[in-house]
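Two complexes come next, and they have one chain in common, subunit A, joined by subunit B in the first and subunit C in the second.
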Partner chain A sequence: MVQLIFEAVITGILTGGVYALMASGLTLIFGVMEIINIGHGALVILGAYLSFILQEKFHIDLFLGLLITMPLMFLLGLFIEWAFIRPLKRDRTMLSILVTFAIALIIEGTLGLQNTFGTDYVKLHAWYVDSSNASFQIGGFYLAYIYVFAFLLSAVLLAGLYFLLYRTEFGYSLRASMQNRTAAQLIGIDVERISALTFAIGVALAAAGGMAFGATTSFNPDSHYDLISRLLVIIILGGMGSLRGALIASVVMLVIEDVTAVVWSPVWATTVFFFLLIVILLVRPQGLFGQLEGRKQ
Partner chain B sequence: MKILKIVFLLALLAAVIIFPQVYTDETATTIAVFTLLFAAAVTGWNIFSGYTGYIALGHAVYYGVGAYAMALMAQDWHVPGGYVTFLLVPLAGLVAAIFAVPFGWIALRTRRHTFIVITIATFFIMQLMAYNLRNITNGSAGLSLPLTPPDWSGAFFNLPFYYVALAVLLLALATSWWIRNSKFGLGLLAIRDDEDRALGLGVKTGPFKLIAFVISAFFVGMVGGLHAYFNGSIYPPFAFDAFFDVSIALMGFLGGMGTLAGPIIGASLLEPTQQYFTLYLSDGGLYLIAYGVLFLAVILLLPQGIVPTVRQLWLKWRASRKQDEAEPALVAVGVGSGESRSLPENQERKEGVNS
Partner chain C sequence: MIGQLATRKHLFASSVLGLILSLLLIACGSQPGSTGPSSGTPNTTPIKIGISLSFSGDFSADGTAFKQGYQLWADYVNSHGGILGRKVTLDILSDASSTDQVQTNYQKLITLDKVDLVFGPFSTLLTKPASVVANRYGYAMIEGAGGGPSVFTQGLNNVFDVSLPVANNLVSFAHYILSLPAGQRPTTAAYATEDDPFTQPQVDTAKQILEQGGVKTVDYQVYPAETTDYNPIADRIIASKAQVVVTGTLLPDITAFIQRFKQQHYNPQALIATAGPDQGTQFLNNIGGAASAEGIMVPNGWYPGANNPGNKDMVNAYIAKYGGTPDGISSDVAEAYSVGQVAQQAITKIGSLDQKKLIAELHSGDTFTTVQGPVKFDSTGQNVAAQAYLFQWQKGNFIPVYPADAATASPEFPKPNWP
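After this line comes the complex of A and B, so read on.
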């Protein structure tokens, strides 16, 4: 039993890293733009399918393929922000939910057409995912390399994001826009440009998260509902708009889910995830690292 | 003017009552039943979200609870199919309302953005519960409702559902109208415009929000129960449907949030379109794309909703016409006070204020 729990904790931490990658994009977008991107799950799945195409049709390695999919998704993010988010002038939060849900539907529909991918489950393949020497032994159990590689990828990208946010001029502007949009505009920050870039960065991170997700789980165009529900729980728990909160919440939640699956039952693992959310909200309505939303001046 | 309006509304009601007697085509009446159900659900949802400005995107929870409550009550009490079963509909609504108390209490501890996300999360919780609590909900196999009597066949089948749905809609509408014109409703609108100031002025914002939330869950629950009976069987993805969550929000938004007519207009435009897509687009992917594009078109082309937009155009037209007759200085006063008496919706403040 102890062995199984140890195993669950390790995989929980490693997959938690991947969720952190996806959740960081979502929480950043919320923090800067005050919109909730319900389409984030669908964008992750789109990223997974792009990696799938590159690997099946062109035999490009999953990690190398990110050099193609991430810029592509970055451009897609710029386009979505320009075409659908920026025109929303009033009731932004609510309308953005409807708009991004519509985008999720369109992505899900396009991927699920009878002559694109249909609704069958697919999984990404590579030597470190499912070949005979894909796993190595650690502490008495076998772990596939992909979990470690995906975790390292998340660590590298999140470190890059951290550098971008805290050590560059763009990062200063971004954090200023997060703290106070109007004041940022007053001191000459081009908030619209920052918003567009933030959205695009979030979408590019979703592409990387999608590859890691697709290599560890099988997915179909429908999977985005499941993903977005978890991601939303993670960003509420962490405190909406808090990057650090999202990272910690991802790892904590995934560890708890995996441990529950072992000690209780996989059926209830996801439910525990949600119950924890309710318990924490009772104590701290603003999430672990969030700030209470007060009055908008 | 007021008499004209009452006559028009009565004529409209008469037309709705006569409709299924004239158009006996089954497809048409089925779509009409769905439209009435959605109109009732959106009206209920609007009582909370439209008036308080808190957007709830988890009302599929109460819809699903109503549906399951209906099925379980009918099953446990051995209710035979037929008109008697309709008596369970208000009970289904009541069960949904009881569920709404704790959920609403937790969710309403937070403000706007977090609130939205928490309502979405409650939806996913309940969907999971419906799958996992097998001894109550029978898991993914679902539950079936009492069979309708054999003489409810063919074109007649839709009629009882049509009239019960209409009754639910009228009840929801009457409640919405009454709230709109009560002190309670004014309190809700004050919360929408500036919650902290409303609190400062003595509006009991906490209980007000919760009461509105529970009332809206009651109506959505009734719709869920009725829809379950209409459908004949329920299973988790039918009862707890993410589409439902977003559809009612889109309908409320398309018609105009916080208005009386808005939810009905929104539902009667969108629900038939959705049913049309379901009928004629066999590829599920194509259906999703069509629906998504419709969504985007509605939001980007009508950023205020139909009722507020039409009202603005009407006021502008009135103003420009009066300008020709009277002196310009008198116009603003005349339009402002005269209009707001005749239409209850006009008491609403201009949408721009709270954004």
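After this line comes the complex of A and C, so read on.
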């Protein structure tokens, strides 16, 4: 049993890394633009399908393929922000929910057409995903390469993002917009440009998250529903707008769920987590590293 | 003023008359099997069979396949002398997958079109209300796609499902495991299933049979259908070191289990899933190739090569009429075809279309033969003679391995280690 719990914790941490990657874009977008991007799950799935095409048709490795999918999704993010988000002038937060949900449906519908991918389940493959020897052995337990690689990818990208936010001028402008949009405008920061770039970065991160998700789970165009609900919960727990919060909340959620599943039952895993979430929110409504913290930075 | 009064009285009188006339018509129409002249003169008018099918909505794909099945059966019967010397015609109405429309349809078919016989619609959802309408007029409802328990708990005696009850899908597998010689037979089993009305009953039934046969349950898990992280579930199965793993899954979960079992170097002697491995190339693509599928089992109610009466004819007729390959034929076609076969055999036996006699005959314990296998109804109308075939992936081929009379190869046991 102890062995099982130990394995569940390790698995939870590694899987948490995958979810952190997916959630980081979402929390960034909310932090800067106060937009709740319901379409983020669909963008993750879109990223997964892009990786799928590169791997199936052109035999490009999943991680190398990110050098193509991330810039592509970055451009898509710029387009979406310009076409759908920028026109929202009033009631931005509320309307953004509707608009981004519409984006999610458009993506799901386009991917689900018989001429594109249809509704069949697919999965990403690579030697480090499928081979039964693709794991580090620790005692009687095997750490799959793909989870370790995905966790490392998360760490690298999140570190890069942190560097961007705290060591570059763009980052200063971005954090200023996060703190107080109007004040930032008053001191000459082009808030619209910052918003566009932030959204695009968020979508590019979704591409990376999509690759990690697709390598560990079967997916089809409908998979985004279950995904977005979990991502929203993660950013609420971590504090909307906090990158550090997204990472820690992902790991916390996955570890709690995995340990509950092995010790008690999978049926209770989500319930236990939500119970703890409610307790935390009662004590600390802004989440673990909530907005207040984020804005102080 | 007086003119208006007179008009109103006139209208009132005509509407009452109309009402009485309609009631009389409906009363006349609701006598089952009241078409055709009395016995003595041979009847050659076609037998009208009323059916409601879904050509739009949730069940559109299945509705189309069912129509093909019913039509193929009608074509076959008509070219082989008909039933009781009469040809059959199908009166099919569209119900758009709606529970209201399906009731209206059967109402119309029975009372206005005065059909001699009705066949069932597609799905438990629609069969349930449709059977109530048929029951009101004393009609038998022979169907092939309404297998959910709720259809049979309504207290009706006129519903007959020719297909295998869903809960019995894994019974063949359980019997196979228990049929192994004592030295080879596994002694421990782990079960994991979605909390889904399709998967869970199957797994629970198999667990009961295996436990009674002496196979110890070392792990039993039920997980929500919305689960996205299957690793802890798989890890518990692995930790239990079960020799047999029975899973109630769809494609994404069995894919995740296989990947985890592979990574953790866990090799059960037998692995079966309720769905997933039956998805052909989609399954192989998900798990990374045919080598990983080797030895994995799944139940199946019908397949084109099944050695049942009329199956070969049906498959050939299907290809001739609709094209394609045998593997592309939906099992819905076989279900619809079987409905027709049972109706024909029962009517021929009793020599009449009288619905009361038909219902009695179907409940009599007689066995009928169909392309899906034998059919025998219990008191609730479920088919207790049906048995699922056990299918297994062997060297990239998806083949039946049990029962022996349907097998094209012996079952591979124990399952080879992951590649």
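To be clear about the criterion, the second predicted complex is superposed on the first by the 288 of 297 C-alpha atoms of A that agree within 3 Å, B and C clash if a C-alpha of one lies under 4 Å from a C-alpha of the other, contacts with A are read in each partner's own complex, and residues count from 1 in each chain.
Note that a residue touches a chain if its C-beta (ideal position, glycine included) is under 8 Å from a C-beta of that chain, and two chains touch if they have at least 3 such contacts.
From a predicted model like this one, the values you see are computed outputs, not experimental measurements.
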item: Touched partner set for A:231, first subunit B, second subunit C, both or neither; value: neither
item: Partner chain in contact with A:141 - subunit B first, subunit C second, else both or neither; value: second
item: Most subunit A residues touched (candidates subunit B, subunit C); value: B
item: A:22 touches, of subunit B and subunit C: first, second, both or neither?; value: neither
item: Touching partner for A:247 - first (subunit B), second (subunit C), both, neither; value: neither
item: First (subunit B), second (subunit C), both or neither touched by A:30; value: first
item: First (subunit B), second (subunit C), both or neither touched by A:103; value: first
item: First, second, both or neither for A:196, with subunit B first and subunit C second; value: neither
item: Touching partner for A:8 - first (subunit B), second (subunit C), both, neither; value: second
item: Touching partner for A:130 - first (subunit B), second (subunit C), both, neither; value: second
item: Intersection of subunit A interface sets (partners subunit B, subunit C); value: 267, 270
item: Touch list for subunit A against partner subunit C, complex; value: 3-4, 7-8, 11, 15, 120-123, 125, 129-130, 132, 134-135, 141-142, 144, 217-219, 226-227, 230, 254, 257-259, 261-262, 265-267, 269-270
item: Residue numbers on subunit C that touch subunit A, as the complex places them; value: 195, 221-224, 226-229, 231-233, 235-236, 239, 251-252, 255-256, 259, 262-265, 282, 285-289, 292, 418-419
item: Residue ranges of subunit A touching subunit B (in the complex, touch as defined); value: 30, 34, 36, 38, 84, 87-91, 93-95, 97-99, 101-106, 108-114, 116, 119, 221, 225, 229, 232-233, 235-236, 240, 267-268, 270-271, 274-275, 277-278, 281-282, 285-287, 290, 292-295
item: Parts of subunit B lying in touch with subunit A, wherever the complex brings them together; value: 55, 57, 106, 109-114, 116-118, 120-121, 124-125, 128-129, 132, 194-196, 242, 246, 249-250, 253, 283-293, 295-296, 299-300, 303-304, 351-352, 355
